[in-house]
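Structures follow.
Next, two complexes with chain A in common: one pairs it with chain B, the other with chain C.
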Partner chain A sequence: MDLGLNEEHSMGTTIIGVTYNGGVVLGADSRTSTGMYVANRASDKITQLTDNVYVCRSGSAADSQIVSDYVRYFLHQHTIQLGQPATVKVAANLVRLLAYNNKNMLQTGLIVGGWDKYEGGKIYGIPLGGTIIEQPFAIGGSGSSYLYGFFDQAWKEGMTQEEAEQLVVKAVSLAIARDGASGGVVRTVTIDAEGVKRKFYPGDELPLWHEELQPQNSLLDILNASSPEPMNI
Partner chain B sequence: MTKQMVEVPPKGGFSFDLCRRNAMLAKKNEGAKAPSFRKTGTTIVGLIFQDGVILGADTRATEGPIVADKNCEKIHYIAPNIYCCGAGTAADTEAVTDMVSSQLQLHRYHTGRESRVVTALTLLKRHLFNYQGHVQAALVLGGVDVTGPHLHTIYPHGSTDTLPFATMGSGSLAAMSVFEDKFKEGLTRDEGIKLVTEAICAGIFNDLGSGSNVDVCVITKGDKEYLRNHLMPNLRTYVSEKGYTFPKKTEVLLMKITPLKETEEISEARDDMEE
Partner chain C sequence: MFSSLTGSYGSTLRYKSVERIKPIGKHSLLGASGELSDFQEILRYLDELILYDNMWDDGNSLGPKEVFNYLTRVMYNRRNKFNPLWNSLVLGGVKNGQKYLGMVSMIGVHFEDNHVATGFGNHLARPIFREEWHENMSFEDGVKLLEKCMKVLLYRDRSAVNKLQMAKITEEGVTTYKPYSLRTHWGYSAFENPTVGAEGSW
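Our next item is the complex of A and B:
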């Protein structure tokens, strides 16, 4: 049984970015895999670029971390030179320039989202080749394949913050249910005019979908039981 | 018509030219394998406890199926407050940790401050990323600095994770199963050392690439303890204590057994790098 432990560290992933009336919500799962082994079951794929712009990372873990580090550095310089917070469009374009000009060597899909005073909440998707596309919502990663139909049906213009967050959490948990390379917990980052809020949804707080069962005969229940119970199938 | 080649002076850095040819040769001639290099197989672990960080490692270095070194040191010094366990190719882990250690010392002279773990992390990940995974070093970096205790894993391609407990190497699955069962936040020093030892032993006994003894390193604020060979569960036993018996019933007049290797007292070995 070859677990493929020496393969490159990749983030199977489901990443989502959604705009709502007044800001954006970014969401992601937390699984990083090396071949068939889960190297980190609680990773944070939503990385800060500036105070008001965050990026969801997918694909090769190393490539996406390096790209975010470079863009954070460039944006910091840009903010100092500009004298005011950078816009989401500038951040997304910096990411796009790195992704496009190094397309032969990088393997990472990114979703840049944030809020600025000129355009409000904006989401930019930057998939594998280095295209940049401004969208009202964006999905990425291996788990996104299972969400295209869901979003076609469930997305609507002008949602409230609660509706947008619930949509993102529901979507990530649906993808986790079907995609082997996504799992763990759901993390969300909400950015609006007031600032940034991070939320965390552990596995047992997520809704159960078709054919998913409540945990039964869990080892925790057996261990916590006062008297040893016989194992039953 | 001769083709004129423009002479371009060689640029600095690693030359990847021969990598494709090596791969092609390995595929073409099943018998002509590249010379095997010494890997550390390995189980390395780290965890954060209430006062700092504890790192652990086994001590077996393998060269293919042969054990090249039964008692090697896999916990490398990076700074007085930062240590790093290394898995993968032994030369790569040694070289990259030594290089970053010296860069950090120069940086300490420049800044006049204690080194931070994130500095070591960034230097290591940049180097590994620049070599695109060809420097096969998988590291568990741990230390305590002014901002608190930190534990990071660094993979050969340059990606990093920050975790409260981590395992790497061929024995990582065995060790991780022990951690996932027994780890909790706010362990005491003794509980932490016991858990790390158990995790390394799981790797030693269940993974063929790991073996021999357990090394432990405890780093707290302002203090570190390098427990070399903290546990030795694999001492060599000899077939017969009576020594050699001669054939044809030769009468033994005198028998004297001289141990070939004198056991040395290992004192605290890491004083040289202090300021």
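Our next item is the complex of A and C:
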């Protein structure tokens, strides 16, 4: 059985970006895999580009890291030259340029999200070929396949910050339940006029879905607790 | 014997209540990983085997060694016809006080040992067994050791799901326990902010 332990690091992933009244919420899972092995169960896939713009990374770990490193570098120089914080649109377009002009070599899908004083909270999706698309919400990564129907039903215009954050955590947690390439903890980054807030939702505090059970310390606890009747033959 | 109750479809965790450990006759337990349809076919073969054995009505019954041997022949002969049953099988049992535990792969490679595993368990669980298994372990010791290994697999195997099934076989017979989940630990401070000071890393 080929376990693929020498394959490149890929973040199967579930990434989400959602706008709300006054800002954006970015969310992601934390699993990085090498073939079938989970190389890192607590990765941070939401990376800073500037003080007010962050990017969610999916696909090849190496490709997404190098793209975000270059864009951070360019944006730093751009901010100095401009004399004020870069806009989300500029950040997203820099990402697009790299993704599009190197499309044959890169394998990474990105979601750029942030807040600036001209346009407020904005989300830009930049999938594999280097298309740039501004959206009220964006989903990406292998886990997103399981969320299209969910968002069709659950997304609403004009949510509050709490509603948006709950939606993101619920969505990532649903994707983790069904996508083998997503897992671990849910990380969120909320960006608004005031600044940036990072949150961490550990794997054992996420809601339980269909066919999932309440975690226990050990089978022995269950057996000693109430002596339930095990099924006997 | 422990297994997770997963039935995956590629990277989709499609079915989450699949029992992959089944009793065979009076003296054996069979656990399988790999292709579920092939496992179901193997269960049919074994069902027929046990049925014919019972029909002799001679007071004798097939023990784990015999069932294991049958399985290895089936797997090897299918491999020779270039049409393997895509499974890794674990066969355990007790007959007349004698314990037995063996593994058969999809190409017919088979062996017995005091501790066996399939798939990722070979890489992650067996080293732990080698360190911590010893003769005369109690039931509780066995459960604790297996749970330790299953937890590692839960963290590090992409195809794992947090829903476990335990089955035990003794001279008295088979006991299958209700499915349950294990507590996982994520409360390390390093997990909360892993990229502080190294923006853009993982």
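By our rule, the second predicted complex is superposed on the first by the 216 of 233 C-alpha atoms of A that agree within 3 Å, B and C clash if a C-alpha of one lies under 4 Å from a C-alpha of the other, contacts with A are read in each partner's own complex, and residues count from 1 in each chain.
Methods note: a contact is a pair of C-beta atoms (placed from the backbone, for glycine too) under 8 Å apart; a residue touches a chain by one contact, two chains touch by 3 or more.
Fair warning: this is a prediction, and the values are worked out from it, not measured in the lab.
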item	value
Touching partner for A:L97 - first (chain B), second (chain C), both, neither	neither
Partner chain(s) touched by A:S60 [first = chain B, second = chain C, both, neither]	first
First (chain B), second (chain C), both or neither touched by A:Q48	second
First (chain B), second (chain C), both or neither touched by A:S68	second
Chain A residues touched by each partner, larger count belonging to chain B or chain C	C
Which superposed partner A:D204 touches (first chain B, second chain C, both, neither)	second
Partner chain(s) touched by A:G12 [first = chain B, second = chain C, both, neither]	second
Shared chain A contacts, counted only where both chain B and chain C touch the same residue	3, 32, 37, 40, 42-43, 61, 65
Footprint of chain B on chain A - complex, ascending	3, 5, 8-9, 32, 34, 37, 39-40, 42-43, 60-62, 65-66, 105
Interfacial residue positions of chain C with respect to chain A in the complex	8, 11-14, 16-17, 23, 88, 119-120, 123, 140, 143-144, 147, 155-159, 162-164, 166, 173-188, 190-195, 199-202
Residue ranges of chain B in contact with chain A within the complex	125, 128-129, 132-133, 153, 155, 157-161, 163, 170, 172-173
Partner chain C, residues of chain A touching it in the complex	1, 3, 12, 30-33, 36-38, 40-45, 47-48, 61, 65, 68-69, 72, 142, 146, 177-181, 183-185, 198, 200, 202-204, 210-220, 222-223, 228, 230-233
